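Quick one: structure below, then a few questions.
Note that the chains are named A, B, C, D and E in the order they appear, and that numbering of residues resets to 1 at the start of each chain.
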Amino acid sequence: MIGLWSVPLLFALPLALGILSLLVTPAWRPRLIFVGLPLLAVASFDVLARLVVEGPRIYELGGWQAPLGINLVVDGLAVGMILMTTLVASLCALYARVYLRDYPPSSSFFWPLLWLLWAGMNGIWLAEDIFNLYVGLEVMGLAAVGMVALRATPQALAAAMRYLLAALLGSLAYLLGVALLYATYGTLSMAGLHEAAAPNVTTHVALALIILGLLLKTALFPLHAWLPPAHGGALTPVSALLSALVIKASFYILMRIWLVLGPEVTPIFTAQVLGVLGAGAVFYGGWMAWRQHHLKQLVAYSTVAQIGYLFLFFPLVTGTGPEAARLAWDGTLMMLVAHALAKAALFLSAGNLILAVGSTQISHLVGISRFRPMSLFSFGLAGVSLMGLPPSGGFTGKWLLLHSAILSGQWWWLIVLFLGGLLSAAYIFKVFRMSFREGPQIDRSVTPPLTLDVTALILASAAILIGLTAHLPLFWLRLGSAFGAG
Amino acid sequence: MTWNALILFGVLATSLVASAVIFLLAESRHTTRSVFNLAAAVLKLLLVGWIVWGVYQNIDYEFRFTIIEGVDFILRADALGMMFVGLSSLLWLFTTIYAIGYLEKAPNRSRFFGFFSLCVASTVGIALAGNLFTFLLFYELLTLSTYPLVVHRGTRESLRAGQVYLYYTLGGGALLLFGVVALHVLVGDTEFVPGGVLSGLDPSLHPLLIGIFLMMIIGLGVKAALFPLHAWLPMAMVAPAPVSALLHAVAVVKAGAFGIARLVYDVYGIEFAFSLGLLGPLAVAASITIIYGSLRALAQDDLKKRLAFSTVSQVSYIILGISLFGPVGTLGGLVHLLHQGLMKITLFFCAGNYAETLGVHKISELDGAGQRMPATSVAFTLGAFGMIGIPPMAGFISKWYLGIGALEAGMNWVLGVLILSSLLNAAYFLPILYRIWFRRRERLWCEGKVLGRFETSGWLLLPTLATAAFALIAGVLAGMPFSPLYWADLIVSREYLP
Amino acid sequence: MSSALVFAWSGVLLFGLGLFGFIAHRHLLRRLLAFNIMGSGSFLVLIGLAQDGRGVDHVPHAMVITGIVVAVASTALALVVFRRWYRASGRTDLPEDT
Amino acid sequence: MSGLVGTTALILAPGVPLALGVLWGFPRLRRHIGPIAPWAAIPALLLALFGIPGETVELSWLLFGGYLGLTDTTRVFLFFTALIWFAAGIHGRGHLAEGDHCERFCVFWLFTLAGNIGLIVALDVALFYTSFALMTFAAYGLIVHDQNEIAQRAGRVYLVLAVLGEALILMGLLLAARATAAPLLPMLAELPQAIAGAPERDLIIASLWLGFGVKAGLPLLHFSLPLAYGAAPVPVAAALAGAMIKAGLLGWLVTLPLGFVGLQHWGTIIILTGLFAAFAAALIGVNQKQPRVVLAYSSISQMGLISVGIGAWMVAPELGPLLAVAITVFALHHSLAKAALFLGTEVVRHRTRRPALWLWVGLGIPALALAGLMPSGLVAKASLKYGLLANAPVPEAWSYLPLLLGLAAIGTTALMARHLWLLRLEAGRDEAQPTAWHGWALITAATVLGILLLPLWGIEVPWMAAAGGLIDALWPVAAGLVLAAFAWRWLRPLPIPPADALMLLTPLPGLALRAGQALGVTGPAVRRGLRHLEAKALDRYRRADHRLGRFTEQLWRRDASLLFALLLAVVALIGIRIA
Amino acid sequence: MSLRIVSAALLCLAVTGALAWAVLDRPLPEENLPERVAAAMPESGVDHPVTAVLLNFRSYDTLLEIAVLLLAVVVALALREAQPDRPEQMGLENPLLRAVMAWLLPLILIVAGFLLWAGSYQPGGAFQAGSVLAAAGVLLRLAGVTTAWLDNATLMRAGLALGLLTFLGVGLLVMIPGVPFLTYPLEYAGTLILLIELTLTLSIGLTLISLFRLTPPYADDPDEAREQQGKTP
């Protein structure tokens, strides 16, 4: 563990940059990314390289061992999430640097918020301590709320307020759950919990609190109400960050805790309930997305729907055979990563389209395919992944989930995946239909700067490519997990 | 990675790269785009020729890499796949030439040709797919890349058609996905192997296999326009003529039919499928489609619509051939895959020529078109005769083999279907020919533009005549080496004697 | 019934009451107060259950301090946003909530 | 003629007209092809005259692999076919080289000719069928050439029946091919044997009989004949009546399992149909008002007589050799005579300076020959009768056959009389077309030559029988003439339209169309219905959707915390229950 | 009482019941963390276990917690800049208050200092001290005492950042010998913790004061603001 500088740097660096960006003048804030992004990229890849070479490890902060001190876990899952964050957040940052030029100077507070958000997320990915997770959640959550509020319009403030309330309520529930768990097991370390966890009333109630708290933060249907205004109304790079990464963090925690508590504690019934809620999210989110008239609202509801897929993890991993569970793990993570990439791309390209036509209305996109093919192309590529069509990460994830569902004999999830794909096709193609309709013959649209298009395209292509080369990331993600052996 | 794998990948890459480059080209760079497009098409054709020769000599071409554990991306050239690849790359060349002429001065050409190339890339991918997963991958890619082509005109009607097209194909694709995953669960990576991979499974799984087959047939049948999943096809004919041509002759419907062939021969294995009792119902479905499509075609006045229903009917010949247990029936079905492609693309080219040159879309307005556009009309006549199955056109060869195949398979009733369908084909094609050749034009043609020194633009005429000639030659010279029949025979000999 | 249990139960009660307040009220300030009551409840549970027969556990105390700071920060942020919202819209509750 | 020459001739016979037809596709050559076209039948004629039966050519690249060759029977067929085409071509030089749409006419002519020759020299089924189809469909272009109302109707009827016939033939051939040793490359020669042993024997026979019957004018499949013969240009009519009708006969001869036992029922059916055709056609024919239509019915009637021969062959296989000759002779005789009569109709119509007497003699000879009086007709009919009555165990009822044949001859005589009478009425109305004369002269000369020479050639028939036949032949002719005179004096023709019973069947093609429409209607009707419902429901749905959407959204938003509490309670209680 | 309230009450009751049951049913932990804390106390560099946990054993939590505080200020600053307030009219012109303040302020500062220092061996510490400091700031503000350095943005921000920066810097600097983040060397542990606490106190105090100052004044008229907003939707 000696010499693992890159691990603390993953959160220390963004923290430092966040403070730094607060101290410099607004004009200098965006430029910090030219220092920060390469460093963070190096740190992330260093962590990955060490993971691959030396295997998963525990990082003991302050030199204190687990129950006493706080440990960080550097396993495949954490590193995978870190890399995903680095990629998506870097591109969003590059996008934002150009995008925010047209906004008033107050929007430059985006930068300290971005760094703190990043620090919070990296803290969460690495955390091994459930109370530390709570603090991390707060860092990330408050940064996210701040970002939503950044425009300071009444809509943005209302959305931020709603988001904040949900986040606070969720955090408290989570905290109480943590309190109960601590009271029961005397430890906050996941490793300790994993060994000690036993099915009793306190644990189950704590689990319920933790689940619900995190559900609220993940915006799983029917607790998703805060998400569309927050994600749909924010600045485009903010929407991308929130939809792609932030909601994943709470899901990630839930996933970890679920696996930590183990099959003896996690009830199958609850798993099924989570699956059903996921299914509800897929249907309801898809339906609502299809009904939207505003482009970013549509994309935001699409997030509501896509979250649903992730929650199929619980029924598929609980009480099923090892093979089905492994597939569910692979599939869910593939879905998660693919959605992060695709949704970021979708938001960014939607932002480009909105920039081009100067309106958020989908109906104003008429004929845009002729003039802004590149933005639309990114939108389409990302859409392919969201629809779960090959070749894309979304497809590979869906494939694995289908595989797992069949293998575990839970055929009813097939229907969810089936209809969910069709629903997402319905709303994605709603945009396309409009853009293909022949409208004015003269190009009245604004040409967004190339950076904006390129970043969106890179993300969209990544969402496609990850599906084609899925075995490598999946292999890394399994390192150090219960599914590593398979 | 061997040279052979690279060449195989090159076949796919030619059109992929072409597509990418075209997307990036500015809308105004017409010449560059055309040159690039044609160069890619010719290059692809050369590569395909190379591989065809190799496959003929039993050289293995394979390109694979792992996507996820237990699922590989495999491209492999076998005789069956190369047949389809050959068809698509040949017709791609012609359709590209045609499209360059057809879309002269039209907007959105970058988009069109980009997706056009993508569409061909996915078709080639479907043909070369070495396992179900790869097949599925390109199958869906095909759906996506054809949608922009279908809605290309951007009118309300075409958008609606595109929507219906999506409803059908995405739904079908999802069903197919289920089937593929289910098979994957049962037997692991389902590579295409002559004789199939499923026959060794436990008999208790047979009902499940039947269910999966049904699901996959529905998934594939959507693209192959099996009744009652055909409704998108006649609607999709609002697309520009080259798209219709490609859609009907090569890309979409053929992908469905080819998929069924793969499913029956290389996944289930024809003997196993037969023993499960799957072929009879498939034959019935195909027969119903054949008759239904023909009857519907009778009642259409819109030329392209009639052709579209004719496609519905004709593609099921392929499926019918597949569902006939025995080498001859297989031969008939496979050879029709090529023949129908050649004939139908000719017909659509002609329809496009009429529409583009004379502004005629309806059959009732075609009176005397033969005098004005004799070359196009001769091509149309050849195509139509082929469709009816009049010798010595290619369609006759297919029909003959299908008939014999049906008899060998003991399904004599199929013969009745073939005969009835021939009658109906005649009933809807001959009146068109009559109008073209034997009616006098009462009014002047409303010709908008002068299209060169031939009866129409050379870009339009050349591919039309070329495909018509191919359709004729494929029939007349069926006995020659490397004719469609010859190649199909090669496939059958490898399929039935593994 | 030990004194620890009393603390914990009070905490639970506070949490329940806070939750009810959070649901029942529309006024954002009240909801924030309810949130703080819930927070206090959680902290009480932490503190109360930390005292088992083996003596005092200081870890939860530290956790509670951290929790309080976080709660203060959150409350402050919420107040800032609320006041901005009120200034912008003149409303003390969220739109669509009434 | 042997070796390379023979091979070349076999290919050239159908190849020359085909090649000319293809060359026609080049607009620059088009002008030059018209004048050559009439001579396109010459290679075939030469082949027929000098070719050696038994020689074959293999064209493996063609279709499934093609074989060309001649047999004794096909040689005769090739001879008269080529001759008639040649004569008709000479006659129709005007159509081919100049005049309205002459270019179109020319190409159809060439292709029809190529098909007709091709089917005769084909040895394998595929090539035979291909040529047959080529002939059938190309002939359509010739029939509708005049493009008037009548021609169009004739063309339509012809086409419908032709397509039907093709389909039936295809079915029969497919079924038959299946029964041969090599189903993918069946030879014609193998078919009869295969059919006789095939499990679907009856179906095959039926489809082939009916399929070729369309060409050969079987009752109820004959409608196209009177219409087409009446509407097509005269040389075309001659070729149709002389050559192409025999293609149907040839089809019967080469495919039907003649000479195999166990087909008595089919023989009987064919005989009865033939007799019915012979009489019914005569009855209908004499009521016609157009010379060419009368001739068409005469053809139907005559083909009916030939059918009797074929039927007899099936009933009594032992008679095969005799009947084969008889049928061939009859076909030759009928073809030449009929072609001469047809070409004559055009000649008569033209006002000429040539002595009318010669004309009428020229016209009378084939007419009388058909009636059975001239030597050829005599031999033909006699050989048929002889064949029928040869020493073989034949059914009792056959003893009536001579009588029936005699009665049929009365009909033929009456038809011929009617024809000549009608011709007389039309004579000299139009301007002369000198080329027409050459063709007519050619075919008439050939006919006369044939009439005189045929008895010499048909040595199989004993002269004694022929002499007896003369007496047999005389009374029907006499009776016919008397009847004709009687009719001319006292009877008026019944108003029977050229295609007699067709109107009973006209709805059939329309029915298919309507079926298509009906199917098409169901889809749209359902869709329209749905759309109607949709339109009605859409508004309501939209409002409901809107309300529902708003309601749900509001629910989730307003009561998010309530839902949170609800779910928390549920999950916690579940947890407690499970614990 | 609406159905909503009733159901909310019932649900909260159920939740409370479940929680109560969970609390009652809690098994005693096998892990004895207090023992470990006690055992590690000598190595912590401080004498009070809570401070040891806060700033040594679980110092990472504290680090992030400070980040949370900072975040709140960042958001407040951002909103302030996006939605500028009018020049402040705050403070009561009350001479009594001023007089009391003159007495009180030194006292408050002493209390804060004591709390900070006491933290190492008895309850107290940076947060408590910072809060007291902040109270002083609020009082000053209410008393209308304008302090130039509080309005100096740069200085203010430097002060805000100081605590977290120091914390981070210490955490990273101690890694140089090759130990994990935040591993204080035993001999310097007490000093470093004190240093961190000192800067934290200052930053926390400033943070809380800033949060107070950055909220829009209550007197701002919402109607007017709405009108402004109406112009720029």
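As a convention for this text, a contact is a pair of C-beta atoms (placed from the backbone, for glycine too) under 8 Å apart; a residue touches a chain by one contact, two chains touch by 3 or more.
Keep in mind the model is a prediction, meaning the values are calculated, not measured.
Chains that touch both chain A and chain E are the following: C, D. The highest number of C-beta contact pairs joins the chains A-E. Put simply, the chain nearest the middle, going by average C-alpha positions, is B. Distance between Cα centroids is largest for the pairing of chain E with D. With centres taken as mean Cα positions, chain D sits 99 Å from chain C.
For the pair chain A and chain B, the distance between C-alpha centroids works out to 42 Å. As a whole-number value, the distance joining the C-alpha centres of chain B and chain C reads 67 Å. Mean C-alpha position of chain B lies 71 Å from that of chain E. Among all residues of chain B, none touch two or more other chains. Annotation for chain E: residues touching 2 or more other chains are 4, 8, 11-12, 15, 18-19, 21-23, 26, 29, 32-33, 37, 57-58, 61, 65, 68, 71-72, 75, 79, 83, 229.
Of all residues in chain C, those that touch two or more other chains are 8, 15, 19, 22-23, 45, 49, 57, 59, 63, 66, 70, 73-74, 77, 81, 84, 88-89. Contact between chains, using the touch rule, shows up for A-B, A-C, A-D, A-E, B-D, C-D, C-E, D-E. On the chain D side of its complex with chain A, the touching residues are 545, 549, 552-553, 555-557, 560-561, 563-564, 567-568, 570-572, 574-576, 578-579.
Residues 231, 292, 294-300, 328, 378, 385, 388-392, 396-397, 399-401, 403-404, 407-408, 412, 415-416, 418-420, 422-424, 426-428, 430, 434, 437-438, 440, 475-480, 485 of chain B touch chain D in their complex. Contacts from chain C toward chain E in the complex involve residues 5, 8-9, 12-13, 15-17, 19-20, 23-24, 45, 48-49, 52-59, 61-63, 65-66, 68-70, 72-74, 76-77, 79-81, 83-84, 86-90. Interface residues of chain A, counted against chain B in their complex, comprise 330, 334, 367, 369-370, 373, 377, 380, 384, 387, 389-391, 395-396, 398-400, 402-403, 406-407, 414, 418, 421-422, 425, 429, 432-433, 436-439, 441, 467-471, 474. On the chain A side of its complex with chain E, the touching residues are 1-5, 7-8, 12, 15-16, 18-19, 22-23, 59-64, 67-70, 104-107, 109, 112-113, 116, 119-120, 123, 131-132, 135-136, 138-139, 142-143, 145-146, 149-154, 176, 180, 182-187, 192, 196, 198, 200-202, 204-206, 208.
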